[in-house]
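Naming follows writing order (A, B and C), and every chain is counted from residue 1.
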Amino acid sequence: MISIRNLDFRFPRGGFRLVVPRFDVPAGGRVAILGASGSGKTTLLDLLAGIRVPDAGSVTVAGQEISRLPDTARRHFRIHRIGLIFQAFELLEYLTVQENLLLPYRMSPSLRPDADTGARLSRLAEETGIGGRLRRYPDQLSHGERQRAAICRALIAAPDLILADEPTGNLDPENKRRVLDLLLGQVAGHGATLVMVTHDHDLLEPFDRVVQMRDFHGAEAA
Amino acid sequence: MKGTVRRLASLGSLLALVGCEPAEQGAMVGPAPPSGDATVEIYAINYPLAWMAERIGGDAARVTLPVPEGVDPAHWQPSAETVLAYQRADIVLLNGAGYAAWTEFASLSPSRLVDTTRGLEDRFVSAGAMTHSHGPAGEHDHADVASHTWLDPELAAGQARAIEGAMVTRVPDRADALRQRLQSLVAELAALDQRLALAFQGWRGEGVLYSHPVYQYLDARYGLAGRSLTWEPGQDPGKGEWDALAARLAEAPAAVMLWEDEPLPATAGRLRAMGIEPVVFHTGAGPPATGDYLALMEENLGRLARFNETVGAGDN
Amino acid sequence: MRDVVYLAWRYLVFNRWKTGILIAAITVIVFLPLALELVLERSSERLRARAAATPLLFGAPGSALELALSSLYFSGESPAPLDYAIVAELGDTRLAAAIPLHLGYRVGSHPVIGTSPDYFPFRDLSIAQGRMLALSGEAVLGAAAADSLDAAPGGGVVTAPESVFDVTGTYPVRLRVVGVLEPTGTPDDEGVFVDIRTAWIVGGIGHGHEDLQDPTASGSVLKRDDSNIVANAAVVEYRDITPENLADFHFHGAEDEFPLSAVIAVPVDAKSGVLLEGRYQSPDSPVRVVRPTEVMDDLLATVFTVRQYVLVAVALVGAATLATIALVFLLSIRLRRAEIQTMIRIGAAPGRVAAILGTEILLVLIASLLMAGLLTGIATAFGDEIFRWLLQSGVL
């Protein structure tokens, strides 16, 4: 599913530099990326999502070398094939939970709801326990419910790849486990690949592989 | 700057009073403009004026005197509805000289009023009535001029001219006819004047009394030097009045007393006993039962002649 | 496009207070100059119309503006009086009909307008209830005055003394209401119309009292001689003018010298108007003649000059407000950075995000313009009544 070769990325005004010689994730794999704050975890996810482009090297996702694609094509690929989950949930406060779940369909004219979208939404909401919350607004949900909604949003378009950036970072220990199980269950149920960034060692056990950022050459530029 | 602020302040209060109707147009004021075969609607406040208006106006005028029969126009108080009828007239003929006090308190348009004695004030005669005064302004005189001006045929002719002038303004295309009728009327009044002068010739020395103070203009015109009482034809004067009369006769005798109407037989008899002949001289303020003003004057002249015959004072 | 509008709409509705305030602010900026123009345009139209319908005004020498304002709109100070003789004088010229006006007294806040029956057809006033004036002591009320005083034919209203401190001057007089006029939307609606002689009675020139020659009045008599009776202050003066006591009323002095505030002269034709004006143009003339249209044009010219300054001020304030609103938008965008980043990360093109934010601004502007348009429409239809209410209720 994912293949990175000789990736070299620097931030435009200097500062952080990320070098990844090689990184592979098979389809359906579940990979946890561990690293300290500032180690480049989020940057790596951005590169995998096509949000950023490496200065050198290649990033291939689902057979597509996205690092070579133009901006529009990368967005198109991202919105159709990749689901993103953010640490801070990032639900839009002025949309209901249901509207937030369907937000990806409003982000690009190329992604339109199909005949199954409604059924998929209902199933996702039921399975994640937020079926009765669809008409509420985000500020009316608990932290855990909000993260579950974020998970649903990431899965609504049936993506091939889920990139999760510290999805349990803002949750209490009880909810962390619950949300993680939910996420892993949904990923498995959809046959998607999961790359999750975390700094929480307690959550690593269910993953196929754990990658340390220090295995890559992420460092401040000299 | 101050002026500008004041103007703006004025505008502010003005805006409160300005409404939302479309632009208003000033409407006609006064009687309708004259047209070819229009008639002038004339209301008069006494019979002599009404008569003169009819004589002058002919078919060009529709004259109304709404005073009820038997009511003295000088003291008549019309109803509000009657006043509104006066308002609708093209011309309202006033006698002037304080005649008909009701006109002072009726709402009438100045543009339609014709004071027929305006400009003749130098001919007015004092009524010799009681004044009263009060308040900070001190003494005031209350319109103490005599008001039966038409009894002087010369003044009446002046009033006729005023009537004709007002009519000509309203129906100018009938001016020639109006003028002709005025001239005819003035000639008749002049003839009446001569006959009255003849009839009253020599009366001055005889001592003339008037039952009521309404003959001042007759008195002034013909030099009668008469004295007025305040007796009513249909009432006995009362002991006080008889005594007062006797006292006055002691100072200056009298031979004749003019009455507006027939006195009571008892009154007439008593006067004759005192050497005073009662002679009826209708003032013509109200319309006569028959005939017109000149016919009424003709009757008056007849009675004067009969008196003159009895005292050998002259004939017409 | 639908999604862009939908998201913009949802944001604005969710933040309804902020949205409402922005719409209100922009509406005010747009509506204010429009309203000002509308008010000035309509008001000047009406002021000019009333002035144009009044050919000539005669008054005592003095301020032409004061004369015009008081005679046409019954506002401001009463001008210096002129003699009633001018009415006959004008009649004698045969060039114009004269309508006398006597002002200065009030019933409550409503002006007492002493005039002649000619005033009513001149101003196209017709009776809605009751009848026209016929006798002294009667009053015909304008529609608004009748409403405000809660008076109808058969009732009465009482005049106010000229001054609260005028203890030795005019006294309140009770007027009998005999008619109410149809509403006209002009200052006449506020008037209490009386005959000119009634106005003189209100002013104390005419009065009625017990007959001093009657023995029952002896208590009021100070002294008496052959020709005059002097009465003391105890003489009972009538405050009510009724058909029963009308005969006891009288005036002191010569009518030609009685006061008027102004005379409306209605020339027979245009040439007569010019001739009439020419006769009274001399600086030594005891009477001043004024063309109300010229006075109003002068006044409005001043107003429209000031209007320019006001519009400039409004424009500056508007620009400042719009700048502030723009700042609010920019700050809002900064606060929504996370939201914007989320949309971009999910897959929205920067152009789409800009479109959503731009659409929010556009919707606010459209709503503001619609609201301003609605308010302008309301002001056009009902502005006069609203403005008059605001002025009379003391809000403005």
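Criterion: a contact is a pair of C-beta atoms (placed from the backbone, for glycine too) under 8 Å apart; a residue touches a chain by one contact, two chains touch by 3 or more.
Being a predicted model, the structure only gives us computed values, none of them experimental.
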Self-check item: Highest C-beta pair count, chain pair
Solution: B-C
Quiz item: Measuring centre to centre with C-alpha atoms, which chain is farthest from chain A?
Solution: B
Quiz prompt | Separation of chain A from chain C, taking each centre as the mean of its C-alpha atoms, in whole Å | solution = 73
Self-check item: chain A and chain B, separation of their C-alpha mean positions in angstrom
Solution: 116
Quiz prompt | CA centroid of chain B to CA centroid of chain C, Å | solution = 44
Self-check item: Footprint of chain A on chain C - complex, ascending
Solution: 3, 6-7, 10-11, 13-15, 338-339, 341-349, 352
Self-check item: Touching residues on chain C, where the partner in the complex is chain B
Solution: 39, 42-43, 45-50, 52-55, 65, 69, 73-76, 87-88, 91, 94, 97-100, 116-118, 121-124, 131-138, 168, 178, 184-187, 189-190, 195, 197, 209, 212-213, 220, 227-233, 235, 243, 246-247, 249-253, 266, 299, 302-303, 306, 383-385, 387-388, 391-392
Exercise. Using the touch rule from the top, collect the residues of chain A that touch chain C in their complex.
Key: 49, 51, 72, 75-76, 78-79, 84, 86, 88, 90, 92-95, 99, 103-109, 111, 137
Practice problem: In the complex, go through chain B and note every residue touching chain C. | Solution: 4, 7-8, 10-30, 77, 80-81, 83-84, 87, 101-102, 104-111, 118, 130-137, 139-140, 142-143, 169
